[in-house]
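Next up: some structures, all given as structure tokens.
You will see two complexes here that share chain A, one where it goes with chain B and one where it goes with chain C.
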Partner chain A sequence: MKGKRIPVDGSVNDTLRSVLALLLKATDAVMVPSRIPSKESFAYLLIRDPKLLEAATPLAPVMPVQGARALQSMGRGRGGLPGILCVLRPCEARAAIELFKRNQVDLEDVLLLTIDCPGAFPTRDYLGNPEEFDRRFEEILQGKQDDGLRPDCKSCVGFSLQEVASDVHIGLLRGKPGEVAVVHRSDRGERLLADAGVAGDDGISDWEAGVEKEARVRTGARDSAFQEMKGRAAGVDGFEKLFADCVNCHNCMRVCPICYCRQCFFDSGDSVRLRAEDYFARAQHRGGIRFPGDMMQFHVGRMYHMALSCVACGACEDACPMDVPVSRVFAFVGAGVQEQFGYAPGRSREEAMPMTTFKEDELHAFEDAGGISAPGTTETQSGKSKDQDSEGKVE
Partner chain B sequence: MGKIGLYLCECGPNIAEAIDLDRITAEIKKDAKVAGIERFKLLCSEDGKRFVTESIKERGYERVVIAACSPKQHQATFEQVVANAGLNAHVFQMVNIREQCAWATPDKEQATSKALRFIRAAIGRVRYHWPLEQKEIECSPDTIVIGGGTAGIEAALRIAQKGRKVFLLEKDEPGGTRRDREWMAARVDALRNNPLIEVYEHCKIRELLGFFGSFVAHLETREGNEVQLKAGSVVLATGAVAFDPTGLAGYGYRELEGVSTVREFEKAASDASDGHPKSVAVIHCVGREKLGYCSGTCCVEAMRVARRVKEASAETEVTEFYRDLCLPGTEHDRFYHETAKTGVRFVRFRDIDVAREGPGLVVRYRQEDGSSGSVVADAVVLSAGVAAGPANAEFARMFNIPLDEHGFFQSEHPVLNPVGTVTEGVFVVGGCRGPAGALDATAQAGAAAGKVLSALVPGRRLRLETRTSEVAEALCVGCGICVAACAYGAATLNEDRHIAVVNEVLCRGCGNCAAACPSGAAQHRQFTTRQMDQEVTQILR
Partner chain C sequence: MKRFQVPGTPDEAVRELLGFLMEQERIRGAFVLAEVNPGGFAYTLIADRQLLGRAAPTVPLMPVNGGRMVSRLTTLEPVPEPTAVVLRPCELRALFELVKLGQARLDNLLLISCTCGGVVPTRSVLGGIDPVLEKHRDALESGVTWDGLRDTCRVCAEFVPKGADVTVALVGKDTRQTTDMLAETEKGERFLEGLSPSSESEPDTGMLERVGEERAGHRPAVLDRFSPDALGISGLISVFGRCINCHACSNACPVCYCNTCHFESADAEQKPGTVSDELDQRGGLRLPVGTIYYHVGRMLHVSLSCVGCGMCSDACPVNIPVASIFTRLAGSVQGMFDYLAGRDAEEKIPTSTFEAEELKEVGA
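Showing the complex of A and B:
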């Protein structure tokens, strides 16, 4: 792979801003995370005036808004409007492509620019002491490790250009002062870089090697995170424990880029409520039931809808007021389901969603194996529920 | 929710002896959700039907549950009974306590408990049933027949015979693969001279839109003009092609002079005027293994070659090499015996090889018992099977009908609807739905003609499926997943409004869209969330 190497001048974000300024000349607008006037958080701005790029923070220490959501909120079918370059973390770009496949965002004249993602801090942590976290984030950009990043970021294996169909990517060669490497990943991206004068033919194998090395470390972290989750999420009991603190605020659904329903079924009031007599019947049968009664249904229903497209961006967990490890559960289940269908969300604009295709031979291996089960948990699980059944009858 | 009436059918001893109907009556009474429970010996009898109609009226039931046999058997019967009582046919739910309980569960206690759960589920859901409107559309009585071969011509003539307009579209000229048969010329003449049949030769079909009762075909004529034809039904009779034995080892096709296919041989024989061959070998089952099926029509074709050769010159030796003879029915068997009487030799082989030696061809063969032999021949005729036409895939996409694993059009059901397809109003006849002899092709064409004539009577309005899906506009985000999930082309995206819409005429009510929709926007009118929730809750309670 070849690209354009640019030495870091000032901070990494300063350098990225100057690259964006060049790119803005070759496109009509740039959509980029920017520091909002209160200076304590970040939002997406659609910028046409190069002067406004001063506030742009292509790599922000937090991710209060998932970029795909921001892009989606521009609406669909812009048809005829000018081209936009949208700056996204790789996970955000993957989500944008998943939304594109569902007709929820029009990427016809949008170019996706991804950047090697250093991760993000939990938004609540950041808001507690912005200056401190800004300083720590600068150190991360220079290559320092920081254990305060969000759990999903620490075990993210898609932090660079792995399995993401972006048009342009910027790699980070961290250090003091470090370098950035700009590469095109599509024909449109190539044209943009050429028009903006950012095309280059420099060797970047040192960056590629660095990404590979980092990926190995992250894969290890992810494997152990999944292993831990496998134990915690096993069976209905495990699941209930994980979500025990949930207060049904549905924040996770509201920030999730893949949750694109106009109105969530679980927010639609009466449609999910049973009649009192039915609740009584259930309570009578099971000895007692939890209220509100649709908490687990909500999470399982949401998981069923989005597992194939979950990009493990962590937005849900970041928005959870109760510290439910919601993103870690979803990422774990999502990875398993995606593997079953050989599907990778955001990998390509053309790859059809498994839900919309029928392959006669799909899932056979899965069926033969008797379904998904965390190793060593199936037996104890069924044994346990049998015991409970017989106890129930004795009562 | 209305007063619910529950009817229990004893089905003679079928249900009464296998299920404790007294216990069911007592338990349902305890639930206090129904206004009345009636029991009858045989509800589907005339007495039974009258009893239900009368008692619904008398007691003023507004919802009806009938626990009896499979809805496959009597759903329509009881819908009519409910309608006769002045109710909408859809405020009724049938419960299958015969096939699924009485006959399937030998233990009476268990069968009763199961039946009780099913009945409670039906009572739970019927509370949320609402009247569904029976809609009708005006149909076009005309028919488009695609393909002018044996089947297509037969279908067109039969339909036109009843005074109905037919458009026959043909990519070439009418006649099909049997254009050399003596009877075909008369059929083509009859087709061309029929004032009710418009024949479009050398045309290409660009697109087919619409639905049963109202199709529109866009075609391009030989002159390059675009023509639009409207019709209520379509008969696909695009035929099949002969398997091409090129490259098949052991036969020497296209490598050895004197080796030809049946069609090539017949054409050469009719063109040639000089002398007769001394010896002809006809090899059956060419390509049988590669095709993966017996075409069932080629044995007779192969014997017809022998008969023609013998008719032209009785001295010519003819050997028919076969692996298996496929001679279904009395006609074909008679043909075989008559052929054998003319002196044609039949040899069963396991392996066969054709080679040129000196002036002639030698066919070497080995038989099942291991013995082998050879025959010297002037000509070797390969009788190959029938393969699916190359254009089938394009038609399948256009008409939204599936192909089988061999590339032939799939009928809706091999026995129950052998010439119908999953796209209502589109019929498949002749070689395009699988290898077919002239006899089969003609019979299938007649069947399709009958279906067309009975379904599309001029002036008649079409009754549409009532249990269809609908999309709640307020909930739909236009993601298009339902469009991909719909097998009938009924769900489409309205690009302007960015929502999905269901065409009520095309919808068959399979519910795929409702299952696939993440937003709960697509819903089946008779499987609403609430109805299903009640049903499942009661079954699991």
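Showing the complex of A and C:
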């Protein structure tokens, strides 16, 4: 692989900002995380006026809104907008591609630019002390480890250009002095870089080796995170315990980039409500029922709907007011389901979602063993089941 | 007003009452907060007396607004047989607003409430509730608000329930040995008949007034910075600047009942060309679009029925003081119409009535 090596001038974000200024000249607008005026957080800005790039922070210490959601919010069929360059973390770009497959975003005029992702802090932690976390994030950009990052970030194996169909990627070479490496990953990306004057054919094998090395470390972290979750989520009891503090706010669904339904089934009013008499019949049958009764059904239903496309971005857990480890459960289950189908969300724009295709010969691991094996292990989990219906049990 | 002195702490006394009502077959079930898993509380509909041991009717928590949950129970039809519901005053007021909005029915409900010492932010008990319970009990007994409560609870003037059939006296009471329950309506008296030694009595209004004054004393510190003068448009933009557009405040709000919020509807989706028009005009824009617009729209929709329960702040993942902002605004808006959300289930919501003479302060 070849790319353009650019020495870091000032901070990493300063350098990325000057690269963006060049790219903005070759496109119509840039969507990039930016510091909000009160300085306490970050939001996506869609920028045409180069002066507005001043607040741009391509690598922000937090990810309060998943970039694919920001992209989706522009609506479809944007007519008259020639081209947008979206600056995204790899997990955000993967989600954007999954939304594209679902006809929820229009990528025709959009180019995706990904950057080697150092991870993000939990938003609430950051808001408690922005200056402190800014400082720590700068240290991370210098190569320091920080245990305060989101759990999903710490075990993320897709932090660079692995399995993400972006058009342009920027790698971070954390040497002294640091450099960034700009590489194209599609024909359109190649044209953009050429037009902007940031094309190059410098060797970047040192960066590739660095990514590989880091990926090995992260794979280890991911395996142990999954192993831990496998223990915690085992059986109906374990699963119930994980969600015990849920207050049913449905935030996890609202911030999930994949959960795109305008109206979730579980918010659909009468279809999830019972007649009072039926609530009583259930209460009588079990002694008592929890309200709302579809808390577990919501999580299991959501999992069923989006696990194949879950990019493990951690947005759900970040937005959970009750610190439920939503994202860690979903990432674990998602990886297992994706492995069954040999599917990787966001890896390619052309790869069809398994639910939309038919293969005569598949799912043997599941069907033959009677359970889904944990990703990366051969051991199967017993399919413990209990009599369940939509109303949660008090006992 | 009939006073019943029931042995035990408030939780024990309410359990005793509910058990008595079930035993006498005066109610078919009880709708009450309960400990559904160790340290975890949720609303439950309990039909079996044996499970009443799990009921925690006065635990200072509101994981969801109970009025919203009673709406869920009764949206399609009233409960078929007498059922006791135990709600805090603001939850009861939310229920009354929902009844007016056609989202709940009161038929067959025995309404039990309490003089309310407030609840704590739900997140604050994630590490365990015991430290909170002790502090809260001391504060209740002295009638003084403590700083662990939700902001809107610390300033709440409506802590004495209106429209309840039975009120459990919590605030300013020593409830270690016995708990007082007041039958406020004929219906309440009928249900409680034969419960335990009762006597005629009047509530200690002097004490309740003092508590009300103490809470009013906190209002300036909590609410004044959200007055229109103090906040202004720029302040509004700044306070919601960190909003991530998750709409949790709407989902947790008891009176925001729409199945599909306008701001999640097709109408709110960006039309082709709008984004590029904005880019032409301003050179840039924030995404997702309309974050502040959503909050202002919600204010317009709920401020008349806002009961100041604090659920919105509780559910906000980025700690925006949504509830204080809405409570401050609701005070002004409801004041303009001489209305108080939920004080009376029969009173009409001002937007559903016409008065020839009103709103002079906002129009020439």
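Descriptive notes on the structure:
As a convention for this text, the second predicted complex is superposed on the first by the 366 of 395 C-alpha atoms of A that agree within 3 Å, B and C clash if a C-alpha of one lies under 4 Å from a C-alpha of the other, contacts with A are read in each partner's own complex, and residues count from 1 in each chain.
The rule we apply is simple: contacts are C-beta pairs under 8 Å (C-beta built on N, C-alpha and C of every residue); 3 or more make two chains touch, one makes a residue touch a chain.
All figures in this text were calculated on a predicted structure; none of them were measured in a lab.
Superposition of the two complexes onto chain A shows chain B and chain C fitting side by side, with no clash. Here chain B and chain C are compared by how many residues of chain A each touches, and C touches more.
Of the two partner chains placed around the shared chain by superposition, chain B is the only one that A:355 touches, whereas chain C remains out of contact.
Applying the stated contact rule after C-alpha superposition, one finds that A:319 touches chain C and leaves chain B untouched. By the touch criterion defined above, A:268 lies against chain B and chain C together after alignment on the C-alpha atoms of chain A. Once both structures are fitted onto chain A, a short way to say it is that chain B and chain C open up an angle of 100° at chain A, using Cα centres and rounding to the nearest 10. In the superposition on chain A, A:41 makes contact with chain C only, while chain B stays out of contact range. In the overlay built on the shared chain, the residue A:260 is in contact with chain B alone; chain C does not reach it. Of the two partner chains, chain C is the only one touched by A:283; chain B is not. Of the two partner chains placed around the shared chain by superposition, chain C is the only one that A:74 touches, whereas chain B remains out of contact. For the pair chain B and chain C, the model built by superposing on chain A gives 8 Å as the shortest CA-CA distance.
Of the residues of chain A, those at positions 76-77, 262-263, 268, 274 touch chain B in one of the two structures and chain C in the other. Here chain B touches chain A in the complex through residues 474-481, 484-485, 493, 495, 498, 516, 518-521, 529-530, 533, 537, 541, going by the rule given at the top. On the chain A side of its complex with chain B, the touching residues are 76-77, 102-104, 260-263, 265, 268, 271, 274, 278, 281-282, 285, 305, 353, 355-357.
Against chain A, in their complex, chain C makes its touches with residues 28-29, 31, 34, 36-37, 40, 42-48, 50-51, 54, 63-64, 69, 72-81, 122-123, 126, 238, 241-242, 244-248, 251-252, 259-260, 264-266, 269-276, 279-280, 282-289, 314-319.
Those residues of chain A lying in contact with chain C across their complex are 28-29, 31, 36-38, 40-41, 43-49, 51-52, 64-65, 69-71, 73-81, 123-124, 127, 240-241, 244-245, 247-251, 254-255, 262-263, 267-270, 273-277, 279-280, 283-284, 286-292, 318-323, 392, 394-395.
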